[in-house]
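Labels A, B, C, D, E and F are assigned to the chains in the order they are written; within every chain, residues are numbered from 1.
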Amino acid sequence: MNKLNYLKANKKYENAQICIFGAPVDQTTSFRPGTRFAPNAVRLESMGLEIYSPYQDKEITSKAICDLGDTDVFPGNVTKTLDAIYEQAKQIVTDDKIPFMIGGEHLVTYPVVKAVAEKYPNLRVIHFDAHTDLRDTFFGEAMSHATVIKKVADILGDRRVYQFGIRSGVKSEFVYAQEHQFIEKFSADLVGTILPEVKDHPIYITIDLDVLDPSIMPGTGTPEAGGLTFKELLSAVLKFSGLNIVGCDVVELAPEQDPSKSSTIVAAKLIRELLIMI
Amino acid sequence: MNKLNYLKANKKYENAQICIFGAPVDQTTSFRPGTRFAPNAVRLESMGLEIYSPYQDKEITSKAICDLGDTDVFPGNVTKTLDAIYEQAKQIVTDDKIPFMIGGEHLVTYPVVKAVAEKYPNLRVIHFDAHTDLRDTFFGEAMSHATVIKKVADILGDRRVYQFGIRSGVKSEFVYAQEHQFIEKFSADLVGTILPEVKDHPIYITIDLDVLDPSIMPGTGTPEAGGLTFKELLSAVLKFSGLNIVGCDVVELAPEQDPSKSSTIVAAKLIRELLIMI
Amino acid sequence: MNKLNYLKANKKYENAQICIFGAPVDQTTSFRPGTRFAPNAVRLESMGLEIYSPYQDKEITSKAICDLGDTDVFPGNVTKTLDAIYEQAKQIVTDDKIPFMIGGEHLVTYPVVKAVAEKYPNLRVIHFDAHTDLRDTFFGEAMSHATVIKKVADILGDRRVYQFGIRSGVKSEFVYAQEHQFIEKFSADLVGTILPEVKDHPIYITIDLDVLDPSIMPGTGTPEAGGLTFKELLSAVLKFSGLNIVGCDVVELAPEQDPSKSSTIVAAKLIRELLIMI
Amino acid sequence: MNKLNYLKANKKYENAQICIFGAPVDQTTSFRPGTRFAPNAVRLESMGLEIYSPYQDKEITSKAICDLGDTDVFPGNVTKTLDAIYEQAKQIVTDDKIPFMIGGEHLVTYPVVKAVAEKYPNLRVIHFDAHTDLRDTFFGEAMSHATVIKKVADILGDRRVYQFGIRSGVKSEFVYAQEHQFIEKFSADLVGTILPEVKDHPIYITIDLDVLDPSIMPGTGTPEAGGLTFKELLSAVLKFSGLNIVGCDVVELAPEQDPSKSSTIVAAKLIRELLIMI
Amino acid sequence: MNKLNYLKANKKYENAQICIFGAPVDQTTSFRPGTRFAPNAVRLESMGLEIYSPYQDKEITSKAICDLGDTDVFPGNVTKTLDAIYEQAKQIVTDDKIPFMIGGEHLVTYPVVKAVAEKYPNLRVIHFDAHTDLRDTFFGEAMSHATVIKKVADILGDRRVYQFGIRSGVKSEFVYAQEHQFIEKFSADLVGTILPEVKDHPIYITIDLDVLDPSIMPGTGTPEAGGLTFKELLSAVLKFSGLNIVGCDVVELAPEQDPSKSSTIVAAKLIRELLIMI
Amino acid sequence: MNKLNYLKANKKYENAQICIFGAPVDQTTSFRPGTRFAPNAVRLESMGLEIYSPYQDKEITSKAICDLGDTDVFPGNVTKTLDAIYEQAKQIVTDDKIPFMIGGEHLVTYPVVKAVAEKYPNLRVIHFDAHTDLRDTFFGEAMSHATVIKKVADILGDRRVYQFGIRSGVKSEFVYAQEHQFIEKFSADLVGTILPEVKDHPIYITIDLDVLDPSIMPGTGTPEAGGLTFKELLSAVLKFSGLNIVGCDVVELAPEQDPSKSSTIVAAKLIRELLIMI
């Protein structure tokens, strides 16, 4: 049997503390498609990574991680696709493990946060993204990559979502964000300022890779100039080290949009740092 | 106002005999996406084409053709997307014009054939494709690029669909095709043999570009080795010259899968020949 | 009729305040070609942009903008090609509107500045570029992408051109720039220092996209390492907000040199910010 | 655990009749590298294939096939790399199963034929290739992708190797082939003529994918114009149906040389047909 | 000094019988540019070729060939560029050697034929191409890749040009060709029929690589579906073996349009066969 | 004879002060191959560079530089390949010239440093890289791109190697570096601090281009996020201006991994600055 796990994520489910799974979905993508290829692309490129992080002076093998493969996807049926993700996340959370999802378009965050929030009602969501994703509907649909954070906020309630790196959206989304939650536009310099608010709560981190500048992450559906460098993002993310992270996802990698494959390699490294940090 | 019509398709709707429209859809695509980019890519590359066909010794300007632009697409909602295509086709047919659709995934053929068949109950469908597309459901969905010809056959009834170039499918699809309609596997040499059967009926031609060999058409969602050469396809298609063609589509171009862009140029030329022939 | 305008640039000419047109020219390109594809590529990718700028808290729909399509190009005849651009710009300026050109190689700036300077003799030109473009001749030709700013300076006279981000040229060009006009090498930090000099004059802004670092703008004819980040360029450009900008161009995008298409998306966003700012 | 098998090759080793393994080697590649990526690329793209072959009217699930994953590769040490392949093939052959290797550069054929010939001293090798691969040494090395068939012939003795599609080599290689074995230049029309000679012997089939024309198989290290179409190759290969095939390999796919990925899809389909045929 | 000759074309000029030179021109290109990169791309890829032709059973080293490098190109000045080519060809012809040019766009054929025809007034031109290239002017210019064969015909007089593989042009070009010279549409099957007419005259062969089908030659400016296979072209070309070939060119390779680089490899092989044949 | 030198490196060997040579090697590459194409790619792209550096206000023609072409490479035999490089470097050093190598994979640095250190026993090596390259063995081999700096350190002794920009390796490599030499992780800000230690010694600079961030240098075998910008690297490198640099190399460019070719253009510019500085 040929195995294709993310780098050293080779524990059995029973023994795992963190459970990786892929959600190879791009069903509501309105612009450049291809997120469906992300999970296996990340797994393949992770072979080129070292197990040691010089940033955290720790090895990924210090964590018990399994890779459950990908959830089922139902072309043409968004509801069934999201249900499958929810079931996967629900099982992991129920078994007191941490779900770590590799997307897929951003919509896949919704069912995972739903499952996690059912267990941790006090959940805070940390959201790195170029886009607000706060529309109520998109092309008339409530369930969309462009509405996903609004749906998350609807579950959690006001003041539970913290957004960083945001630089695109319609005006009303920015107004909503400023009135109902925390938003930092254009950068992620203020992460430190929110730590006191979130440090005593369970935390879910969702990273839309387009928060990175297109120079380093062209391999995504809607690249948006003026983003973070990798150093800036990594530095912001590692500020959550030691907190109670109960779920995480990295989404919106569209590997084939970047023929140099660097985007996938960058995503694979970011995932390594997240896994070591949790 | 910047216009982007298919080559010389610049008549007003009122005066047009053939109405081009794009259906930039890839919503049930299960493998490689990108058909959403096809209509505009074809229009752009058509600028490199001559208006004269040495194959038919005729110019495209001898036809009155308009280009209506693209139908609306609703990400995440297949039904609304198909409805919009149906409305567009219905209007064209009602106004006694010929719809010529540039897909889009193959599913878009269904609403057009539906509209056309409502006007021409005796319709025959000529289908060039690598795949049977005769499943009843695909991943549980009735409406899919893999079921579309079955849905078409359900509308038209037995013995109304003629398939050429077919070389992929599940076994039961081949059995169905052999029992209920006409199928030629691997090539399109037998077009001449069906002409007597179809020549007195209105004809709809649907060309899934993957009927061509991947050598000449890599830019499609599911390339399938062992296909037709361009010469073979053109020769087969031109056999319908002079018959009563009441609708046509060319689908499944995924321009960005072929970075050389040749696939798009090939599709644009095929469309020119079809338009001149109709 | 299928329209392909830049994002919401859908006003009629009569009502427009700003007139976009494309100049799809690469006739004197000495290195990597492809700028001919830029205008339509920008229009196509602009579909992925929001109409709202969080940088300026304003929507592009607050401006009256039309898109006139592309000027004619005469392969093998530079003079006729430049004449066509001049005619287009002249008409726009004569009608008291603002020309906004999407190049094309940088040479296309010359006829537009000529037309604009005929109306505004006191014109100042703000020039963002990696290259000085100050040669007298290039391969023996006076009209070239490598001489264009010298030709502009010849029209305007000394001290009327301000160059930023420059990091390539022959030595004599740098000497000329230092003696006859303003030049900032390697960055655009000094934009603020020239505002007092230019704020009371009509201003033309010409942006050669290779002023950006190749990390964010590989899709250009002569990428030159050590350039500006997008944030740096946007920040520099927005300093001209509120001044009397009477013309603008964004040139040297060669879309196909960047197969990720990010370069085009970046250019499209920069253009949005410029249009909103003017 | 995330599995990545070739299409439905999911039997346990104990129950398998055919054992797929990958040899991701390109260590003596002299021209365009990348064969190291072939095995996993084929596995990934095989997901897009149907299990049914309309050519043979049979499903791949009618065979008991396992996928053992890839052999170890030792960068910088050809000998150890070949030893690992030999050990893998030897085990399979010893257990009375059929090895089916996905290369890698062509040199990987040598250790497999060695292992197979130890069990079947009467072995005949059928060789589809653009190149003779009959050098004694290449850049001074005996073990090379350019010498591999000569090394195979040295094991088997005269008149045991049959070459088809050959169209490149040094003159002495062609002379050798004509004197010591069977060679058909430029095509594979003569397969039928050798069947009487080989039909009572165990047969090993090695397919260097560059036997195909670069139009259909650009994704290989040394594309050579004037090759076979897919139909021609498939037709030639299927002539061995029903014979005693005791080993097989498909080599020299370099997936990333063909950014359209069609080459990989073509290889995956050819492998399906071979597996169903054996 | 680092040398980059075409495969084994390393004789001194004094001793050479055939003189290769490159004309890296794309100055009147109206569609997809990039022919400027062809000569060096062909030289680089020629390293992967064998010196022996199994088609002709001869080695390229049996000919005395030099590679003179590229002619100068003057961006923005077509006349000076063509003059430089003429001077180069004139010198070679004057010294009783055979010019072999690697283009560049097809316009570069004109000055070479001019130089050759001055020495050989009875010259016949054999023209393989997808396009007639018989316009009188193109975008108002007499000198263009689209007029080049008309200009050649104007030098030589009626009935001196033989065209094969033609499948694109305006109607009047086809009419002209039929009235004033020889034209075979769509294929090159009739080469044998013209040999009696041309065999006693000096012959110039010009091959526009787009005569090949885009499946095998996507790397060209205006790919045109329905072309020759490599086998068909090679077979047609080799029919001129033994005749009095006094000049030759291979033009319109645009290497970067084909990211697989196969087009360049195919061109390099065709050039080898031509050089061995002459 | 067609010459392909690096930009203006056209002196005769006898008169040269700096001798460029290429080492087109990727024989121990474990991840993404392609460094074999680097030297000629750099030479080709160097044609687009100016001879003048505005950073150093000096022209490359102020140096006497020759380009010796590439060393021989022996596919499948690492030892012979390294020996050929050693011989080339040894000759240059013996003739009191400065070797400037364009790699190839990083392993090629070893034989050059060996040759240089034999002449300058007090040699200091300045190492810019993302990776420590300090393994003792890699896949069991002592000679590898992953061990090369350890082998260099073994020649030179403790405290002779200074590493900058390092951000990947196994833990023991970082421990070794901290105990036996100088290492700066993640950046190259501390170059100034080591100048006092090295300024009185002969210096060898080796630049693995992956020290740059993948945003600007995706064209390398193992891109590693979080690297230097071009400005940071250039600024660090130019701090060595005026010191006694006796050898230099720039390695690990894999041109085809970056289809935009920007990586090669960036490498070519860096090499220009190094050559002017030495």
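Simple rule for what comes next: contacts are C-beta pairs under 8 Å (C-beta built on N, C-alpha and C of every residue); 3 or more make two chains touch, one makes a residue touch a chain.
Predicted model only: the values in this text are computed from it and were never measured.
Looking at chain D and chain E, the chains in contact with each of them are B, F. Of the chain pairs B-D, B-C or D-F, the one whose interface repeats that of D-E, sharing more than half of its contact pairs by residue number, is B-D. If you average the Cα atoms of chain A and of chain F, the two centres end up 38 Å apart. In terms of their C-alpha centroids, the spacing between chain B and chain F amounts to 55 Å.
Distance between chain centres (mean CA atoms), chain E to chain F: 41 Å. Residue positions 213, 215-216, 258-260 of chain F are each in touch with at least two other chains.
Looking at which chains touch one another, you get A-B, A-C, A-D, A-F, B-C, B-D, B-E, C-E, C-F, D-E, D-F, E-F.
Residues of chain A that touch chain C in their complex: 31-32, 166-171, 174, 185-186, 213-216, 218-219, 222-226, 257-260. Residues 47-48, 50-52, 54-55, 57, 59, 213, 215-216, 229-231, 234, 259-262, 265-266, 269-270 of chain C touch chain A in their complex.
Those residues of chain B that touch chain C in the complex are listed here as 1-6, 10, 22, 40, 43-44, 66-70, 259. Listed in rising order, the residues of chain B touching chain A in the complex are 26-30, 33-34, 36, 73-78, 80, 138-141, 143-144, 259.
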